[in-house]
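Input: one structure, supplied below.
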Amino acid sequence: MAAEPQRAKALDELVKGLWRENPVFIAVLGLCPALAVTNSLTNGLVMGLATTFVLVGSSLLVSLLRKVIPRPVRISVYIIIIATFVTTVDFVLAALMPVAHKQLGAFISLIVVNCLILGRQEAFSSRNSVGLALADALGMSGGFTLALALIGAVREVLGNGSLLGYPLFGEGFEPWVIMILPPGGFLTVGVLLVLFAWGKARLERRWTS
Amino acid sequence: MNPLHALTGLPTFRHGIHPDDMKELTRSLAIERMPFSAEYVLPLSQHTGAPSRPLVGPGARVERGQLIAAADGYVSTALHAPVTGTVRGIELRPHPTGKQLPAIVIDIDPFDSQRVRGIAPRDWDALTPDEISEAVQAAGLVGLGGAAFPSHVKLHVPEGKHVQFVILNGCECEPYLTCDHRVMVERAPDVVLGLRKIMRLTGAERGYIGVELNKPDAIEALTAALDGDGAIEVVPLEVKYPQGAEKMLIDAIFHREVPSGKLPLDLEVVVHNIGTAVALVDLVRSGIPLIERIVTVTGPGVRRPANLVVPVGTLLREVLEYCGGLHDATRQVILGGPMMGMAQKSLDVPIVKGVSGVLALTEPAPMIEEEPCIRCGRCLEACPMFLNPSRLSLLVRGEQSDALSTLGMLDCCECASCSFVCPSHIPLVHLMRVGKAMVRQSAKS
Amino acid sequence: MDELIFIFASASVINNFTLTYFLGLCPFFGVTGRLDTAFRLGLANIFVMLITALASWVLNSFVLPYAPYLRLITFIIVIASTVQFVEMVIKKASPALFRALGIFLPLITTNCAILGLALFSTNRGYDLLEGLVYALGAGLGLTLALVIMAGLREETELAGVPKLVRGVAMSFFIAGILSMAFMGFAGLFHGS
Amino acid sequence: MAAREPGSLRLMATLGFAGLVSGIVLVGVYLLTQPRILRNQWEALNAAIYRVLPGTTSVTTLVVREGTLSPYEGATGTVPTEQAVFAGYDEAGVLVGFAVPADGPGFMDTIKLLYGFDPGRRVIVGMQVLDSRETPGLGDKIITDERFQQNFRALAIDPSIVAVKRGEKAHPNEVDCITGATISSEAVVGILDRSAREWAPVLQPAGAARGEEGHGGRTAAR
Amino acid sequence: MSPREPQLSISTAPFLNSGLGTRRLMWEVVFALVPVVAAATWFFGLAAILVVLATCAGALGAERLLVPGRGAAGSLRDGSALTTGLLLALTLPPSIPLWMAALGGAVGIGLGKLIWGGLGQNLFNPALVGRAFLQAAFPGALTTWTAPGRGLWNLADGTLALPFARAGVDITTTATPLGLAKFDGRVTDPGALLLGNTAGSLGETAAVVLIVCGLYLGLRRVFDWRLAVSTLATVAVASQALHLLRPDDYPGAAFMLLSGGLLFGAVFMVTDPVTSPITPRGAWIFGCGVGLLVVLIRLFGGLPEGVMYAILLMNGVTPLINRYTQPRRFGA
């Protein structure tokens, strides 16, 4: 009987992270450790997927153990859990994708301090059932990955004239080097934030009228 | 000595502006007396402080110089009939501030000789300081330098305070105005006499008369009138606006700054306008209260500029008409000087005690179109109070009154130097006034 | 000596943690509303970074060769507890200093700039002295960026920033421009 | 309060247990992935070694202890954690030269590179940048620019390696810089010069000895 | 009898002003730039004019696009977009592709001015924001220099490159005096620097013209002379001191003052009222800061020229300077 609303709720949790509560463009969370390496679509995807792995894994575990972990030490336990997942993903990437791993370097390890992850544990997983926590984590990390991929894609297309490493425009293209340099990261996010705000305002106007 | 004087050779303050003085229109015109007109309008609020309390009602016959409204409290003063005639009533009339305020309206008695009757001089030397203060208040004397602050307050030295110096302010730094100039030239001995009287009243040891260097004939006349009196000094000052603001004047003469939020009295100084001093002399000599004052009527819009003795309460229209009327090209009529005066939308406002000039301008309002502040810093370098008008104006517009008061909003003397120099035509002084009100308001609540 | 100067220049301005590695961004955007707070936050950061340099050198030299897989966890735990310990010492020894910096310490103990410092200086194989110079440079660079940003942000509050841009987006644009400006330091003291 | 707050023993136990589980998981992951990671590192390095020492068919790893070279005792196919150089030999077993890692400040950040050094002729025979953050399109030409690479096929280290403007190279000890990346080029030259000057005294006697006796130690066939 | 009552307008005091206008200040700057553009055309030919047109088109276009309410007439009238476009153009190399120049103008106005709220609200120099963007985006094109005096009609290959396309490859390049000093240790003769017969950005080479324009603007009080003077004085003193210390490594003050974009920057960009401190003491500090950073970057940094970065960096700390140099209030 409660299955239907339950499922609808889970679906909602899943979808909200993609747009309504997109961690990057709406909540502006978890960006800093990721931005530095998001200068190509590949890097954005790898970083996003690595974060997804950590977030989903930690949320699952935290939700499972939510009744067992004593409150006063919960943060420490969360950090241990997260750090374990991060170290795992770091090693696995180094073993399987050495080139990408070299490009991302220490920034993989820095996922551990991404406050999106700890924040989700504290705000959601530790208070909700495994199913909801999973849906939330998937939605959030999906939104996160999408955002990083978008940033990476914009920066790679303009900054290198390629996507996923494949040249798009041929030899004559003059790349906008700034886009793959740090200022390009800031400016890209700034422009995307403005565009999102603009799109949101337009949508809302259409809804109300 | 202030190192600045070493450069200019003349005492002055720092910052300030150098507008064209425009005084040649009336500088050499002797003071003349204008004829009486039919109607006089006497707002109860002509001075700083509480409005006067009316003592006459409709239909009452009043004699020239008769008390018609009494002081209402200490910082307030009396009001007298400028002409003999009949009180038409107490009506709401346009006031130079732009508001409609209660005023006693008097119809002149056209057949009266308009001689002052029934007032005899008193023996001032026999009075105690308190009695003198009361007498000055009863005579309705206010500062004629612009603010119309009741003079008895400044002539009375409060318990525990001490006055060492009296400065007579003969700067007349506002462009166009020449009434003080003419008074100094034509009545130099009375200026000196007035200063001596104020010095005696306040117990001061030394007196100074500060005069800007663009009035050499005044300096000459005053120096001659001193007749070697060593206790008084005529100080020629650099021509710079607002040299006449009392804090600037004190800085120029003594190189001392009146601390923020304090009065000159805290430096044992009082400052009076030279016109005020002469009015005091007149009062002592004849017993006649303040019922007229000297007004410079000038500007490109006036057909016949003049320095006039004008009964208080005369309508602006009458004054202008006496001066040949306005040119058709006139766009603005201002009571006061061009820097601190107030534009009038009606010619039916009366000349009140604080009005030292009537200025008719043919240019349209120079504040053409406001542009954004370009942070050029010109306003900072103009502000004699060393404020940052640019920032203050932003804060006023952002309604951040806490930040305003920490940046010294209340120190602003509304001299308008900032507005004068601003290339973006931002109405800075206006915003400063709003800001001062905001700070006072938030201090209250 | 040249080496140390280069490390310092590199950490503070050429590769400013915030403006080129995007580390310590959240205080950068969150706390920089007020200049005074930004400055004290910066000082607290310098302080924690120096402790971190010390702690991570100890770990790298004596522990991690035997258990490389514990790197991340031990960094976090050791840095956090060392800072907490020092915090207690300061509280006892100098309550004034504690009041000025103390409230920020728990906030920053495991933020990305601190952990990044530990990871980078390990990756670069710095010895103790180099690590400390690196930490000092990074901390000063972070403080510089925080303070500049705070000044700029305070100023924009009174300006007519368009509604769409106001807020985080504006902070990103400002950071982008600053990041471009800091490119001027490239190659500083590169020796050769 | 006592009823709701778990005792501190319980807290310690939870933390300890979490740490323990985490440790066990990580050791497992570590054991699973480490061989691949080490192999990846070695392969990357190995590829570079063959590139900077043209003609090499086998490589010996040597570590530096107290200023002299001694054979590396670690597992074949791993990168030593100590300071190391790599001796390369041709098919005939004759020493081609040493591959030496070096680093130093570049335009944006530290540049790490590997170069091949022939101690007998005192020339550099190859160079590859391992790691740099130089500007893409300008500074990173030190990696991609073919003409720049040409400089290091036979670069004499005496009297010293110097950078000259592109097209002005006239002597075997000169390096043609990349236009628009003069600083990065100079940085590479500076790193090479400093490193070669430091290593030559160590490598020359070692090279002389090894050149005669043929190669011993552990090698990695290509 | 009574004269016709005039229509009286009311406004607040004061009823006089100094006669200065922000628009007039902007146009004075544009006017002062005319000889600079002329000199640029003399040395670098038609390219100078084309680049100016491109940056101005980019600047005005961006303003048009991003502030829909405002017609072209509006943005033209206040002269500030034009000033920005002109100044940007004159800091670009002669061979820059026109599409890059236009992009720079657009970025300068968009990122440098409009997001801040428009004229007067920006905290960084818009022209330099545009240039810094271009330099980071196209470092190659922005460090490619052609020699002066190749004829009025001579255009570099890249100038007319299509949007997004690479600049031509076969440009004959030379080095700027600063490049020569930094990378080859050759100091250019001050005489050549004065006349402007050297490679460099369009507007920066002819020192005499810049000095005259600076004197014009300074004497007419268009800008705060303290800014320009303190910048130049700091560079002169610091570089001369270093020169005396190690004459072989560091060029002397004359060379440092006359070479590169220093004079152009000191006259036209350091003095931008909007982005420099508002307080007089702040102006001195700002100028000293710019001067020291210029010397630091030129002599100890990687880049041969640092004027742009120096100014942008000091723009960044201007709010702090303003804050800590508030004048001591009268009687405080």
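In this document, chain identifiers A, B, C, D and E correspond to the written order of the chains, with residue numbering beginning at 1 in each.
Following the convention adopted for this analysis, contacts are C-beta pairs under 8 Å (C-beta built on N, C-alpha and C of every residue); 3 or more make two chains touch, one makes a residue touch a chain.
Model, not experiment: these values are computed from the prediction.
Enquirer: Any idea which chain sits dead centre by C-alpha averages?
Expert: Per-chain C-alpha centroids compared to the overall one single out E.
Enquirer: Any idea which two chains share the most contacting C-beta pairs?
Expert: B-E
Enquirer: From the C-alpha centre of chain A to that of chain B, how far is it in Å?
Expert: 70
Enquirer: Indicate the whole-number Å distance between the mean C-alpha point of chain A and the mean C-alpha point of chain D.
Expert: Centre-to-centre distance between chain A and chain D: 34 Å.
Enquirer: So what's the Cα centroid distance for chain B and chain C, whole Å?
Expert: 60
Enquirer: At what distance in angstrom does the C-alpha mean of chain E lie from that of chain B?
Expert: Computed value for the inter-centroid distance: 48 Å.
Enquirer: Out of chain C, which residues touch more than one other chain, so two or more?
Expert: In chain C, residues 69, 73, 165, 170, 173, 176-177, 180, 183, 186-187, 189-190 touch at least two other chains, as defined above.
Enquirer: Any chance you could list the residues of chain E touching two or more other chains?
Expert: Residues 111, 118, 121, 133, 136, 139, 302 of chain E touch two or more partner chains.
Enquirer: Would you mind listing the residues of chain B that make contact with two or more other chains?
Expert: none
Enquirer: By the touch definition up top, name every chain pair that qualifies.
Expert: Result of the pairwise touch check is A-C, A-D, A-E, B-C, B-E, C-D, C-E, D-E.
Enquirer: Write out the stretch or stretches of chain D touching chain A in their complex.
Expert: 5-6, 10-11, 14-15, 18-19, 22, 25-26, 29-30, 33-34, 36-37, 40-41, 44, 135-138
Enquirer: Could you pull out which chain B residues touch chain E in their complex?
Expert: Residue list for chain B touching chain E: 17, 19, 98, 175, 247, 251, 257-262, 301, 317, 321, 325-326, 328-334, 336, 338-347, 359, 361, 364-367, 371-378, 380-381, 384-388, 390-391, 407-408, 411, 416, 419-425, 427, 429-430.
Enquirer: Show which residues of chain E lie in contact with chain B when the two form their complex.
Expert: Where chain E meets chain B, its residues are 2-18, 20-25, 78, 118-121, 224, 273-280, 283, 322, 326-332.
Enquirer: Provide the residue numbers of chain C that touch chain B in the complex, in ascending order.
Expert: 157-158
Enquirer: Under the stated contact criterion, what part of chain E meets chain C in this complex?
Expert: 111-112, 114-118, 121, 123-124, 129, 132-133, 135-136, 293, 296-297, 300-303, 306, 308-310, 312-313, 315-320, 323
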